[in-house]
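All chains are identified by letter, namely A, B, C and D, in their written order; residue positions are counted from 1 within each chain.
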């Protein structure tokens, strides 16, 4: 398959970003950590959407794959002293195996669809936590401190390292989503999403395709979880196997738009940035009101997702962003680039939320 | 032996509470196609209201039912009105109500602080009281919840089977468009049902306040158990919900006694998975129709 | 030599015996009309023969190969395609994308780009070229039925099942559609057509098979078959039942 | 989702609301824009030209006592679990911190400059805490940091602090084996081996009654801290870490008739209560925290069962008392209680009194100063003592000062800088519920006036 412009752009961007840490004196190191977190959520959201967005099988299982990744590092590296980088790959593979195992059961043994499939994945996530709790080889309630873990020096000091690791995983996830989006696999999945029986009857190997997508998705989610364990630095069941990750991932993908690979990327950037700035904006008691409120309004007002909406209304997005960054620049609150960006995104989002008047059919074809 | 039987009984009663907490979610998801996380907020807030009424008015906690149930019933209806208005899809509703959940939790934290709130034994004598059957103790709050759950489950079952409202609801549950085509007033019926669902959650909240300490972060801890009950019982099946909750309560209790408390969640979730595999539509079979 | 051959195929849904051992064959180049009252098993038979459903009993061979237990997505490679009574397009795709999909699978296995360009010609064949980039939600029933045809033809079938392509169309549309079927047949594609409008079938088909309650009750040259008393009873009887 | 339906929905009516939300959001974001989160700052960071006298004197009271702090505020950053499961206890640390900073500023501030405390919400999640500390240090560039609350958050924050060489005083981190950062200063006097010293203390107390229990039941919350005290942490490779309450009990010849663990979140206490009743021990050792104690007590009450004696590791004190009669005689450990001899020192008495006011005002149900609040207070005293002692905001210097000097905290003479991860000894005392309130009852010399431990296996 030839390299498409989008993919090329992604690779170029990734390579460029790779060297950002070299100029770390020019900006607060926190930017690297912030960027890492955005990468993390991009990887998670993209991996979720890779399967669910394409196939229409709604999964709550993200927490399970993520957790497998985190605990693989916790157990093998912190407890057994395995080297870090190889373990990442192992974590990804274990996650993929879990995904394929689930797939085998729900797609072959039983043909579960819709809600039942969603509930099944939710149940699996619960079980993973329960298993970690009873098994003292995994956790057993003690939790696992990762303070002693040997970090690879090759990638630079911690901020640079985790930034680069996150960058790699996010790039992989986005590339995977792009390739899928334009491949026979992708089209097969889109067909499955629209009408699985007809797709099968037209020659789409539905079972194999669903398994492939699930495997890739789980691999990426678990890999990204493994990297994230370094950020957590102290792994506990409550922190890892909670409902937070799956809910946020679903949230980001749907807000950004599940129909295009850019959707989860946009969703992750917007949600994480606003969440970070609002939650840290002090007045904690009201910041939650805003996060919740924004969420509600976005769901109501931008059903097709921010990305597609922005593509129909690029002007709105641009104006919104400009208006957004206005106040802080006027008020001279430019000491934090992230805050300024947050204003921009907020402005863009709010403007995009205004009702669309012109017919949406004008929308550029979603796929292709 | 007495240990096991006592454990089983307390499991059954705990099941009553789980059922009470899950009925609203099950109806909302199964019939209205709204995955309503706000049900958890209703439970939490109702518990706080119960706490507040009992402490500041010095009334019997049971009396707060008279306030909480109608109050949250109305809240539920209002919310459903919005959902109908914006024609929300199933998974959009999940996110919408997640936002609501966040908001309501932080409101609770603002009003009652993040600190624990627990009715003292004087204010709430029931917490340590039991009704005895031979050597078996039936703790009052759980017992009350259990009885309430049975009444509600069968009440709703009767309602749905033998009333015009019920037929309308079942019609909607099976195929909304067809039902509407046949003249069912989706808006009215769904709001009524949403009101009921929210009322049930409020009722659960009262029993929660009577049986344990509450704090804003508590609500999210209920996700596991409630979703398990809802799944096991079959979406929208009230009787299924009740039975599922009891099964889960008992399985958890027995696992606790035999394998230790950490075994309880594992046992419960394994039962859950087995059910999904072999009775995907829930223990009572075709849940939607059974409602 | 019989191209499609099926022997004693059975299917039941719950308690209902949809097909109670149906046998028959379809010769190369035929247009077989499959008729019968509602619930007689016409669509079920098509679903089995096109691999959409799995038969419980019996044997199906095509071009001498046993395809009874072959997974649906491999049947298409054999050169069997079908349309649906109620059109089932891929709802989130444009007309062109709908037709290009089968071209990426089955025997063609083109990459998406090539598939699109080839799909275009099938849209032209069915006169939908102007709607290539219209999301299917923007098409009317007549166009959707043609889209079904285009999608099926894109798989380059040797045998094509048409499940009530005419139902719901107005007289002019019906005439056009019949014309279309003739053209397809003229391209050397064997056709099995399920149709309610007996007039049309007798006019189109080279041979007619009559199903009733999951059984073949008559078969043969159209005009003679339609005069067969049992057939008449079955029809009138059903009409009565349905009135 | 059907794009074509989407557009026909009536969203217009929402516009107003959205616009309003927009304004609100922008305003709020503006508050956070410059990083000034929920802060406690001097009433008026001295607009008067630099009048504050620099000081290099050690100790907690700044030598400029009374004088108005002046100059640019010194910013101290930290996170707390202001929401999530750990929020109930974190709320206490918020009150303590606010009060301490307020008093500090009233007494001439730090190095003569006013102090501003920036506290962010880590939502009880470790990785949140990590990135927030990262932000406080490298983006907001706070001068100093204070530890968060909750084992996970503390561990995560400590890694960040170590990365940038920030001194980290922390209140209640209990993974004593994991905290090997030389500039972390645990104010809570648990000692390096609470898994040994804590149980020893409790068992000594029981034996001091002359009528100790013979059978014991252990009911342990699967929370890292309580697990550590109950079973130790063998993986650390340190022999002493491998011990724990259970093994020590067995060494002492108690008959362990029940040993169960339970998940952090538990819905049904009935079966556990039934198990305890079934084992009918002379003494129940509940390795629990928060509201585990009242929940278990209520469940046992419901079975009409009251054990002869019961100990609970780290309870939320209020709810335990809420259990009324049944809570009488329950034992726990504490580092400070608002009664003599702890309040003999007038300054401590003063602190305890003002804290109670502040806590009551903040709506904390149990407003008296005890372990959590005092540990929090000591942590702040530690930080201030370090900076004042070193006479500079340089974290390294401040750290050295603490390692090499003895300072004064609410717990008395405190010398960190031990070989044992700066844990300076276990200053825990046994407290007991008597007549509806907590009293320290052991060791005698710290017992509240005319209070002594009450226990007998006969109940």
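The working rule: a residue touches a chain if its C-beta (ideal position, glycine included) is under 8 Å from a C-beta of that chain, and two chains touch if they have at least 3 such contacts.
Since the structure is predicted, the reported quantities are computational estimates derived from the model, not experimental observations.
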Exercise. Provide the labels of all chains in contact with subunit A and in contact with subunit B.
Key: D
Practice problem: Please state whether B-D or A-C has more C-beta contact pairs across its interface. | Solution: B-D
Self-check item: Remotest chain, subunit B as reference, centres from CA atoms
Solution: C
Quiz item: In whole angstrom, what separates the CA-based centres of subunit B and subunit D?
Solution: 35
Self-check item: Chain centre separation (subunit B, subunit C; CA means) in Å
Solution: 50
Quiz item: Distance from the CA centroid of subunit C to that of subunit D, rounded to the nearest Å?
Solution: 74
Quiz item: Taking each chain's centre as the mean of its CA atoms, how far is subunit A from subunit C in angstrom?
Solution: 44
Quiz item: Out of subunit A, which residues touch more than one other chain, so two or more?
Solution: 133, 141, 259, 284, 286, 288, 293-294, 300, 303, 361
Quiz item: Could you say which residues in subunit C touch two or more other chains, in rising order?
Solution: 91, 135
Quiz item: Which residues does subunit D have that touch at least 2 chains other than itself?
Solution: 1, 3-4, 9, 11, 82-83, 85, 222, 261, 263, 265
Quiz item: For subunit B, which residues are in contact with subunit D within the complex?
Solution: 2-3, 6-7, 9-11, 13-14, 17-18, 85-87, 89, 92, 105-106, 109, 112-122, 127-130, 132, 137, 139-140, 142, 211-213, 215-217, 221, 225, 249, 252-253, 256-257, 260-262, 264-265
Exercise. Give every residue of subunit D touching subunit B within the complex, in rising order.
Key: 1, 5, 9-11, 82-88, 90-91, 124, 222, 260-263, 265-268, 270-275, 277-278, 290-291, 294-295, 297-299, 301-304, 316, 318-319, 321-326, 362-365
Quiz item: Can you list the subunit B residues touching subunit A in their complex?
Solution: 29, 86, 88, 90-92, 94-96, 98-103, 105-107, 109-110, 220, 223-224, 227-228, 231, 235, 259, 262-263, 265-266, 268-270, 272-273, 276-277, 280-281
Quiz prompt | Touching residues (chain side subunit D, partner subunit A) in the complex | solution = 1, 3-4, 6-7, 9, 11-12, 14-15, 17-19, 21-22, 24-26, 28-39, 82-83, 85, 118, 120-121, 123, 125-127, 130-132, 134-135, 137-139, 141, 151-152, 155-156, 158-159, 163, 175, 178, 180, 222-224, 227-228, 233, 235, 261, 263-265
Quiz item: Considering the complex alone, what residue numbers of subunit C touch subunit A?
Solution: 50-52, 71-77, 82, 84, 88-94, 97, 101-102, 104-106, 109, 111-112, 116, 133, 135, 138, 151, 155
